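Note that the chains take the letters A, B, C and D in the order they are written out, and that residue 1 is the start of every chain.
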Amino acid sequence: MTEKPSRKDWKSKLHEVIYGTHTPAGKMFDIVLLVVILYSVIIVMLESDSRFDEKFHGFLNISEWIVTILFTIEYILRIICIKSPRKYVFSFFGIIDFLSTIPKYLSLFIMGSQYVAAFRALRLLRVFRILKLVRFIGESNNLVRALRASRTKILVFVFFVLIVSVLLGTIMYLVEGPEHGFNSIPHSVYWTIVTLTTVGYGDISPQTGLGQFIATFIMIVGYGIIAVPTGIVSAEYASSNRKNKDSKKKDKSCAECGTVILKEDAHYCRVCGFRLIED
Amino acid sequence: MTEKPSRKDWKSKLHEVIYGTHTPAGKMFDIVLLVVILYSVIIVMLESDSRFDEKFHGFLNISEWIVTILFTIEYILRIICIKSPRKYVFSFFGIIDFLSTIPKYLSLFIMGSQYVAAFRALRLLRVFRILKLVRFIGESNNLVRALRASRTKILVFVFFVLIVSVLLGTIMYLVEGPEHGFNSIPHSVYWTIVTLTTVGYGDISPQTGLGQFIATFIMIVGYGIIAVPTGIVSAEYASSNRKNKDSKKKDKSCAECGTVILKEDAHYCRVCGFRLIED
Amino acid sequence: MTEKPSRKDWKSKLHEVIYGTHTPAGKMFDIVLLVVILYSVIIVMLESDSRFDEKFHGFLNISEWIVTILFTIEYILRIICIKSPRKYVFSFFGIIDFLSTIPKYLSLFIMGSQYVAAFRALRLLRVFRILKLVRFIGESNNLVRALRASRTKILVFVFFVLIVSVLLGTIMYLVEGPEHGFNSIPHSVYWTIVTLTTVGYGDISPQTGLGQFIATFIMIVGYGIIAVPTGIVSAEYASSNRKNKDSKKKDKSCAECGTVILKEDAHYCRVCGFRLIED
Amino acid sequence: MTEKPSRKDWKSKLHEVIYGTHTPAGKMFDIVLLVVILYSVIIVMLESDSRFDEKFHGFLNISEWIVTILFTIEYILRIICIKSPRKYVFSFFGIIDFLSTIPKYLSLFIMGSQYVAAFRALRLLRVFRILKLVRFIGESNNLVRALRASRTKILVFVFFVLIVSVLLGTIMYLVEGPEHGFNSIPHSVYWTIVTLTTVGYGDISPQTGLGQFIATFIMIVGYGIIAVPTGIVSAEYASSNRKNKDSKKKDKSCAECGTVILKEDAHYCRVCGFRLIED
């Protein structure tokens, strides 16, 4: 009978469907999972809107249960079909997957009305389900490389911006003071960053002439220094792009016989005829 | 008699005027069309201002009819003088041209007062006439190429920004809550994107110290990641620019005899003396 | 007697002082002029502040007269010592210089109290004096070249942004409507541009869920397309920078005998020993 | 006895700990200093919040004294163990270190209630301690070089932006006037810069149709010119990056025998076998 595969076969097939993305079933599983995650995130978001929650409480509750059960089944299957369940459970996605299923179950045992608010907070953790989406990002290695290369420089830059913000915030606190909404230095530093990053809420804004003059200065400085991280990333990205092309040219060699491929547009090894794998 | 050309001649001449841009008549037609489109869009915009509409209702109505009739004539002429009218009618510009003429005619048949709101929307469809102007954007192939090359990367980036926004929005909802204007998670995510993109309306702004601290963090992150799409487009555009120059050098060949032109500053083919066409 | 130079000498010396910048006297004249212009602009700005004007009206009035007389003398001298006064009078700076002197004199003849407001407007034209400052910008030829090279592309881009703004503004007008502050399509387009450019005043902001959703979309689009002009200018500037270096290398040749200079660090022609002029 | 080193030894060891960063003790000293600086800045910031200061005044006061004494000890040790104390005292960091210790001591002598405001400002000087952190920014020489190279261009650019702001601000003052919040030209120029830098507080915003039209124009101009400093820094940074690589290639030579190293991946001199120092 074909319906009774050996246990190992059954497991490895399941593994291919759940963790793999190359078979049609694996792709289908990923797409269905993606849709369910998005659906569950939308449910949590709508639930937080009190007007919406009042109207459709029953529907949202049932949706929540269906999603929770689906995620529970997925979580169990993931543990069953992987070689080292321990490694998965304590991995980044293992923890996210666990946190995605637990809040609804906890709502059954913790029932005191005074815990509802705190419990709601726990439920919101399920929004982290969306981090599962990161799995589907396989693009942009160049981008990641460029960001990694400019990481230190951008950190130094952010650090420098923070120092400048503390100094300018203190000056603005002295100039404007609590009577114009600059209640304390931290509040004033908050305003400085709001201005420097060109966000500009307008919940606090300078009222005195001197304060507006300094604000103008801060804005122009912010306008100038916004160029710095952009410049870094642009240059690193361009350089990473160029390197990538160069290394592609150099590294391309037949996986079968090792012959270095000279023609860029070659699809088969000129020595052994092996089909070349594209990077 | 010269005034009675064969039908085919008449059609191809009209085609040259309407679709072509090289003859003086074709250029004139394009300029007149440009002016009429701009005029019609301004009419629609002014009509939406109730104070203006009250004062100049008659003038706006007559202008609208004139523009509609002109666009109808243009639409009919375009169908007559093209080889495959079906292809034009269902093309992007064919649909835009049709939608630009129809709303005013519909206003004659749909007159019930209960349809006013829906009808209003229909009338505003005429704003899409502005898309007719896209025809006149013929510049910047490099730009389009650069944007196309960076499309996937920018989509992945936007996707990532959205995930981050949902997470940060949820945290801000928990920290600030409905009592400080963060009514629901979607509302809070809206605020996060307003902050992350450095728009900063200020209709909602964090009130608690912790909320302002997180807002500061979001702003600096936004400041940093604004560099990413800029970096991508810069690098792709520069690379597309360079490729373009290289390909220009390579591809330059005599249109008459096919000889490859080696000297960049050559204006005549060195083999057959044919005048070289500049790209 | 040395104090009585020929008329021509006196004129050419004056010309050197006023129009030239190479002699010590010419430099001094430019610096003094710069200071007086800045001072006059500050006076006009302070005069517009009603509280300040009440307190220091006498001082401001006298300052105004001194500046006006100085500028009049300068204007007359400029006309006297130039070869073709007509050309100067109708040049950009000639008109600016004239507009800088005239408003104060006009205030003597036009005295009706009802004209005061309009007259004030005329006086404000003197702010254009500041355009005289443009004379001192001799830097950044590369920058100018890069901006010129990217001019058409940026215009096309701005044109495209305007089309998108009209469409999105119309959609927002339909979604939010006059009851949420989107009074008319032009007002709504204004809001769209405020959002798209990440300015975000917050004088109008979307109130409905759908409106906020579309606003979010507009912001992310704005975030993405801010990359386009930056990318263009970066690439053009880098390319203009490179070209400049290349052309410097190529063009360097002895001004005396025409020998092409091969070594970059040469200061004297290797053939005739002529001192090479640096670019 | 090993515990009694010569005075010179003791001094040079201390110098290594305080000024050096290569020994474990030196690293530890830097980390402890970093923590104390951050702690002291947070104390000053919290002290400015009147609610917080009321509750924890005693704790903040004691913390302040501890930090002041630690900084005093550090300052004295730095003077003792350096070769030329005079040079240190009048250096940038020497002045910052002095200003970091003095305010708390001054608070003992200046006690009259009428000096409270001035004294408050004096106490806030301690925020400048944060400049001590600049010591820890040792990264990004390329960045500094790129910024230095683009300094003049960015200054010219800022100067140009200021001229444009004064002109546009004057026009907006004439269009909107004091009745719509544009009280004076300086105030109007402030608004123009708020708009041009895309900060957009919304404390003042145009009310008339013409004002909104001009505001739209200003925003799009701002959107366009934000590209300029970014383009400059990007290009300069990329060029500085490239130069750096070229000079690395050229300059690499054996520190022992002076042989120029041709192969990039060489770790030992091919002539004398000396281990090459990486830059």
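By definition in this document, a contact is a pair of C-beta atoms (placed from the backbone, for glycine too) under 8 Å apart; a residue touches a chain by one contact, two chains touch by 3 or more.
Chain-to-protein mapping (UniProt): A, B, C, D = Ion transporter.
Keep in mind that what you see is a predicted model, and the values were worked out from it rather than measured.
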Classification of the chain C (Ion transporter):chain D (Ion transporter) interface as same or different, half of numbers criterion: different
Equivalent-chain rotation between chain D (Ion transporter) and chain A (Ion transporter), CA atoms, steps of 5 degrees: 90
Chain pair with more C-beta contacts, A-B versus B-D: A-B
Chain centre separation (chain A (Ion transporter), chain B (Ion transporter); CA means) in Å: 31
Rounded Å distance, chain B (Ion transporter) centre to chain D (Ion transporter) centre (Cα mean): 43
Sequence positions of chain D (Ion transporter) contacting 2 or more other chains: 186-187, 189, 198-202, 226, 230, 232, 234, 238
Interface residues, chain A (Ion transporter) side, partner chain C (Ion transporter) - complex: 198-202, 230, 234
Touching residues (chain side chain C (Ion transporter), partner chain D (Ion transporter)) in the complex: 41, 44-46, 48-50, 52, 121, 124, 127-128, 130-131, 133-134, 137, 139-140, 143, 146-147, 154, 158, 161-162, 186-187, 189-190, 193-194, 197-203, 226, 229-230, 232-234, 236-238, 241
Chain C (Ion transporter)-touching residues of chain D (Ion transporter), taken from the complex the two chains share: 152-153, 156-157, 159-160, 163, 166-167, 170, 173-174, 178, 183-187, 189, 195, 198-202, 205, 209, 212-213, 215-216, 219-220, 222-224, 226-228, 230-232, 234-235, 238-239
